[in-house]
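Naming follows writing order (A, B and C), and every chain is counted from residue 1.
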Amino acid sequence: MKSATDYVWFNTAKKREYINITGSVEKLVAKSGIKEGMVLVSAMHITAGVYVNDDEPGLIADIDQWLEKIAPFNPHYQHHHTGETNGDAHLKNLLVHHQVVVPISEGRLDLGPWQQIFYAEFDGQRRKRLVIKAIGE
Amino acid sequence: MKSATDYVWFNTAKKREYINITGSVEKLVAKSGIKEGMVLVSAMHITAGVYVNDDEPGLIADIDQWLEKIAPFNPHYQHHHTGETNGDAHLKNLLVHHQVVVPISEGRLDLGPWQQIFYAEFDGQRRKRLVIKAIGE
Amino acid sequence: MKSATDYVWFNTAKKREYINITGSVEKLVAKSGIKEGMVLVSAMHITAGVYVNDDEPGLIADIDQWLEKIAPFNPHYQHHHTGETNGDAHLKNLLVHHQVVVPISEGRLDLGPWQQIFYAEFDGQRRKRLVIKAIGE
């Protein structure tokens, strides 16, 4: 069995951003030499997500508005008694999830034609980290 | 390490359908000869999901109504400026997620008594594809 | 390739509970001897979830209230024609998801500083089970 691991850092300009990280995942898979396996892409924070969808600006705006509607900013979350103000970012993380697992076939990401991997920042403007780990052979 | 991969095609009669694919996943696991490992079941489209739940028609109707309530069809999604009309299907995909990972133990899917694997189509009536990949030994 | 599997049983006092299971997952990873790999943590029921987030009581209360708002108890789910009353627990399971995959690096769970793994019970007060499976080498 082979494995390979990489970490990617982010420090977004805005509180919420959606960053296409497919290239970073492809790079690790190529470096790993794995032909058949799986790659795990996982945010290492509890206020950021990872998802697979289309890289289309209108859709990204729709996703952002939808997440804010379903899991809105609200000053009254109980979590805020700790001094935090990011309760909504935790709920957005739960909704989007913090990780995806992508198949590797014949040495490449086995994604459909429109599938792109995104890092979704919900509480940015500070350094945050993502882990990419491939296993297979 | 062993691996095995299969692709399953769908072309649903309706826009939204929920199809029990547990048998297809079991078949690949049996073919793979893997005794201990994991199997990834992943929609290759951005308007379809994969989930694990009960195969009970009333529940499936509840899930469909609930998804339409949380991520409704709406002509005004910004994604529709591209000419598409399926913005809701992208949001339903985000909610349900496009993939599950199921454990393989003693050569079989290690699911609980009521757990069944479903392909959830949110924008059907055309050919779409699912990838199933098992790794282990 | 190495693998290791464990099962954890729950029988919660309340209908809904959120239980930090990070220690159980760490124990299996240590026992497995795996240095580089992945561990799958998966509820074996269709009315329970597994997620990764912060172990902060205010946040857990927020999550519980939010899930009840998005996927509320409702006597009128069609699933209830079977005699069940737990339609909401199935929808909460869909929202939270029943499984996570966590990276193993240098023999340890490769989680961020605040990431803890939770079993989320949505229909408790009876015996239910979780599977933890690590693969790697």
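Here is the rule we go by: contacts are C-beta pairs under 8 Å (C-beta built on N, C-alpha and C of every residue); 3 or more make two chains touch, one makes a residue touch a chain.
Note that this is a predicted model, so its numbers are computed, not measured.
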| item | value |
| --- | --- |
| Superposition rotation for chain B onto chain C, Cα-based, multiple of 5° | 120 |
| Interface residue identity across copies chain A, chain B - same or different by half | different |
| Rounded Å distance, chain A centre to chain B centre (Cα mean) | 20 |
| Interface hub residues of chain C, defined as touching at least two other chains | 1, 38, 70, 95, 97, 101, 135 |
| Chain A - residues contacting chain B, complex | 1, 36-38, 51-54, 56-59, 61-63, 66, 70, 95-97, 100-103, 105, 110-112, 114-115, 135-137 |
| Contact footprint of chain B on chain C as seen in their complex | 1, 3, 5, 38, 40, 42-46, 70-71, 77-82, 87, 90-91, 93-95, 97-99, 101, 129, 131, 133, 135 |
